[in-house]
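I have a structure I would like to understand better, so I am pasting it below and will then ask my questions one at a time.
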Amino acid sequence: MIRLFLEVGRLKRLPRMGWLLRGVSNPESVADHSFRVAFITLLLADELRRKGVNIDVEKALKIALLHDLGESKITDLPLDAQRYIDKKKAEKKAVMDLLLEVEDRGLEYFKLFEEYEEESSLEGRLVKFADKLEMVLQAYEYEKAGFRSLEEFWSALEYLKKSEFYKYFQEIIDEIEKLKKS
Amino acid sequence: MIRLFLEVGRLKRLPRMGWLLRGVSNPESVADHSFRVAFITLLLADELRRKGVNIDVEKALKIALLHDLGESKITDLPLDAQRYIDKKKAEKKAVMDLLLEVEDRGLEYFKLFEEYEEESSLEGRLVKFADKLEMVLQAYEYEKAGFRSLEEFWSALEYLKKSEFYKYFQEIIDEIEKLKKS
Amino acid sequence: MIRLFLEVGRLKRLPRMGWLLRGVSNPESVADHSFRVAFITLLLADELRRKGVNIDVEKALKIALLHDLGESKITDLPLDAQRYIDKKKAEKKAVMDLLLEVEDRGLEYFKLFEEYEEESSLEGRLVKFADKLEMVLQAYEYEKAGFRSLEEFWSALEYLKKSEFYKYFQEIIDEIEKLKKS
Amino acid sequence: MIRLFLEVGRLKRLPRMGWLLRGVSNPESVADHSFRVAFITLLLADELRRKGVNIDVEKALKIALLHDLGESKITDLPLDAQRYIDKKKAEKKAVMDLLLEVEDRGLEYFKLFEEYEEESSLEGRLVKFADKLEMVLQAYEYEKAGFRSLEEFWSALEYLKKSEFYKYFQEIIDEIEKLKKS
Amino acid sequence: MIRLFLEVGRLKRLPRMGWLLRGVSNPESVADHSFRVAFITLLLADELRRKGVNIDVEKALKIALLHDLGESKITDLPLDAQRYIDKKKAEKKAVMDLLLEVEDRGLEYFKLFEEYEEESSLEGRLVKFADKLEMVLQAYEYEKAGFRSLEEFWSALEYLKKSEFYKYFQEIIDEIEKLKKS
Amino acid sequence: MIRLFLEVGRLKRLPRMGWLLRGVSNPESVADHSFRVAFITLLLADELRRKGVNIDVEKALKIALLHDLGESKITDLPLDAQRYIDKKKAEKKAVMDLLLEVEDRGLEYFKLFEEYEEESSLEGRLVKFADKLEMVLQAYEYEKAGFRSLEEFWSALEYLKKSEFYKYFQEIIDEIEKLKKS
């Protein structure tokens, strides 16, 4: 397990490339991002449950913690890079390799990762929703601090509004949209 | 909820003070640390369950994600500061204030935080164990990168060896001790 | 004395938290700030003397150099933290401990620190004035460089305008206000 | 052309991932590296010519300036990533796209890039040699500054010693080896 | 030669002072800048040749790679400093000393450097043109990222428009001017 | 006066070049250094007075705060640069220009600066002593943090031991020497 923990440690050193390339100096790490995704997932999942949605909170949290694991190997490839690299395929292989470290549960974790990647379960889709929400919040925070040219990150707002979860979290999304305009 | 998510965003900007004061340039953030604590908790909790321990994995993960929340307000006070500041008391108050944002579940989350702080539940103690383990790994990583004078962080190894969880994770702890000596 | 000099060295590594939390990347250190406070104090104190005010310049300079000493122990607690921590009390204790290093003069220095903290002498108040002036200048410089959301730091301008020293340094304060608007 | 110049500007912001992942804080950029590769190429190529080797110095310099161009799109993928990503293929496609910006000479430049990638010309191989030499020097410099765990970068020394250029630059390579041992 | 390569390595660590002093956090290095100057020179020189201008491309590239060499000794003195320091004279001496390392070709390289410094050859002037163009692009990029107060760097645009090369690259210069206004 | 305060603000952004060039990542600023020099001067001057030496403490503190003022214009030129630049002369001119801002007292301050530069008064020499002491402490701190190749900075220890002040502060200097060996 130690080796897997050390791999995860690399996520602390890896910068989120989108911000870096747009000139944000010393931007957040992949781990920074992943942490808030997991935190957001926690609150949203509990809220969904409260609202009567049949959701497995434990599973959602696990997916959130696992969803960027592959980046310890393939790094945070910016969108531009993905025109030349099949990120999905590379990431899948990397995650599989990494999870070999924990033989017994590796397969279970891999399936969770796939539910995120393929958006094939409610919990997987919720983490995708939290992932986009986190990015939009970070774009807002960087803009508030003075950084510019981050418009393209706001496009995730459209994703959020079209999501099946929008009806539950409309208030949150609308608040973000208001922040943006201020 | 947005306001709480923005508060959590501060954990990305807050450096872990212990490293900073010992001269690690550009050290990890509180969020970086928290992320790996949660990840470690995930693997340890599942492993405990596999070994027949009656543990609530969902609860453990929630505690891990909440355990450093108060630092968004009081920052990561170094050990030295704690001779002048009652960190525990201040943190408790801060966490309570922060969780007012989510009225309905605030109290539940606060209780989870307290289980960590007071080490009053199995899950709370496991996160404390993961927290120390994470710090020891980070000390190892910084030393491997060339940083020095981090001996005092290794003292957490003693905590780990005296823990109730040691019998389950002896192999991991022994491996870390070996890394240290190499 | 060496130990005290090493403690003061920590002020070089400690970031000023207000800027950091608002997203200024790689902000000034506490020592950076303290240096300009002392420099400003030097010029203001000499100017006051020239204008016939009976001020002890040596004492003012000593206060300026000592005024943030306690932060080597308690760090630069942001305003938010001070709702949970009695900073004044903690800082006082820390300064006292630190000055034990220089037995013979420790008490004298502690009294100087208190004159700043309590604004109980002309020199103590002048350093407080210089401290606010320095912060306003830094806010201006960060805004000029492109950083945003620093409005709250400008509120110190009100403090400066209500100060007993305003009548002597009106020209300077008015110039800063003009800079702000440009 | 402007768009190509702006693309090249991204190389200033992209960190060299190998160092970053081993804990070098704030490591060199891809442009930093590329600059010294070009400089080394200049000196080695002129020296070869002086020694009677029939080498096209202009061509060698052009290859040096173009050899990392593709990384503006695909970033500096660390060795680990290359187990999951066909870097060579991705880079080739990226370089081709980038050079579409300069229609008329794009093909000529692309051929130069390929000579490097395939080591299919004397000049292409010389830049590869300069690329390895540059990396070994950087490893030495980081070790000299106190960073550790960079052994694997020294393996490039073997490449240098087996190269066709070793007989011309034996003195340089031997000097580096001595530096390493000191 | 090794010693000269190590000297050039210092250019990676030296920040470009103009940006630093205006508050750009963690700005480009001298090597970052030099790399793009050389890259721009490559494209412009080839373009000039294509347009029938009799230009020595190899020579232009060499000048580009050598033009900031002296800064490894005297650092990137900001404009302000040049009111107190005869930069030209100091740089010339430093370059001469540095090139003593490569006895045989040192004089040839020094002459190339002088052609840049004195703008005494077509190739020297082209590198000067590329140097200004690079700086204007960087100013644009920093402004796009949110940094401010970089107006003075745009004055180089006037230099570019008055240059003998303007007629060949009018399209590029006009495009930059448009970018500026956007 | 504002303009002078803004000039002093540049000292916060200027890195100490000696450390930077030896690979210390993100080293102290000139203001960081100056702050501790002034702090050390305060303690040493008071101690000398206590020991019966006839020293003007106010004057010593003023010299300490002014001694690096010129670097806001000429930057912190590393030793290497000083073989090509007459730093003393350039700095003197810069300080003079800067102090024109405070007409009335400019000349007085300039004389204080000269007493440091020429070591022509007891107070000027004490600040020089504090300046060297500060640098040695910083070298010790960087080495303790893991940075290497800082031996040349320790040579200042010889200066300290030959100084007229050594007999008063032998204990401190000996302690530093012991730290070095540990």
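Order as written gives the chain letters A, B, C, D, E and F; numbering starts at 1 within each chain.
Please note the rule applied: a contact is a pair of C-beta atoms (placed from the backbone, for glycine too) under 8 Å apart; a residue touches a chain by one contact, two chains touch by 3 or more.
The chain lineup, named per UniProt: A, B, C, D, E, F = 5'-deoxynucleotidase.
Model, not experiment: these values are computed from the prediction.
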item	value
Partner chains that chain C (5'-deoxynucleotidase) and chain E (5'-deoxynucleotidase) have in common	A, F
Joint neighbours of chain D (5'-deoxynucleotidase) and chain C (5'-deoxynucleotidase), given as chain labels	A, B, E, F
Duplicate of the D-E contact set - from C-F, A-E or C-E, the pair where over half of the pairs recur	C-F
Angular offset of chain A (5'-deoxynucleotidase) relative to chain E (5'-deoxynucleotidase) [C-alpha, multiple of 5 degrees]	120
Chain pair with the higher count of C-beta pairs in contact (C-F, E-F)	C-F
Chain whose Cα centroid lies at the greatest distance from that of chain A (5'-deoxynucleotidase)	F
Furthest chain, CA centroid comparison against chain E (5'-deoxynucleotidase)	B
Copies chain A (5'-deoxynucleotidase) and chain D (5'-deoxynucleotidase) touch via same or different residues, half shared test	same
Chain A (5'-deoxynucleotidase) and chain C (5'-deoxynucleotidase): spacing of chain centres that average the CA atoms, whole Å	41
Euclidean distance of C-alpha centroids - chain A (5'-deoxynucleotidase) vs chain F (5'-deoxynucleotidase), Å	49
Interchain centroid distance [CA atoms averaged], chain A (5'-deoxynucleotidase)/chain B (5'-deoxynucleotidase), Å	21
Sites on chain C (5'-deoxynucleotidase) at which at least two other chains make contact	23-26, 141, 146-147
Interchain pairs in contact, sorted by label	A-B, A-C, A-D, A-E, B-C, B-D, B-F, C-E, C-F, D-E, D-F, E-F
Interfacial residue positions of chain B (5'-deoxynucleotidase) with respect to chain C (5'-deoxynucleotidase) in the complex	10, 13-15, 17, 20-21, 23, 73-75, 77-78, 80-81, 83-85, 90-91, 93-94, 97
Chain E (5'-deoxynucleotidase)-touching residues of chain C (5'-deoxynucleotidase), taken from the complex the two chains share	24-26, 141-142, 144-147
Chain C (5'-deoxynucleotidase)-facing residues of chain F (5'-deoxynucleotidase), complex	1-2, 4-6, 8-9, 11-12, 26, 28-29, 31-32, 34-36, 38-40, 42-43, 46-47, 50, 57-58, 61-62, 65-66, 102, 104-105, 133-134, 137-138, 141, 172, 175-176, 179
Residue ranges of chain C (5'-deoxynucleotidase) in contact with chain A (5'-deoxynucleotidase) within the complex	22-26, 146-149
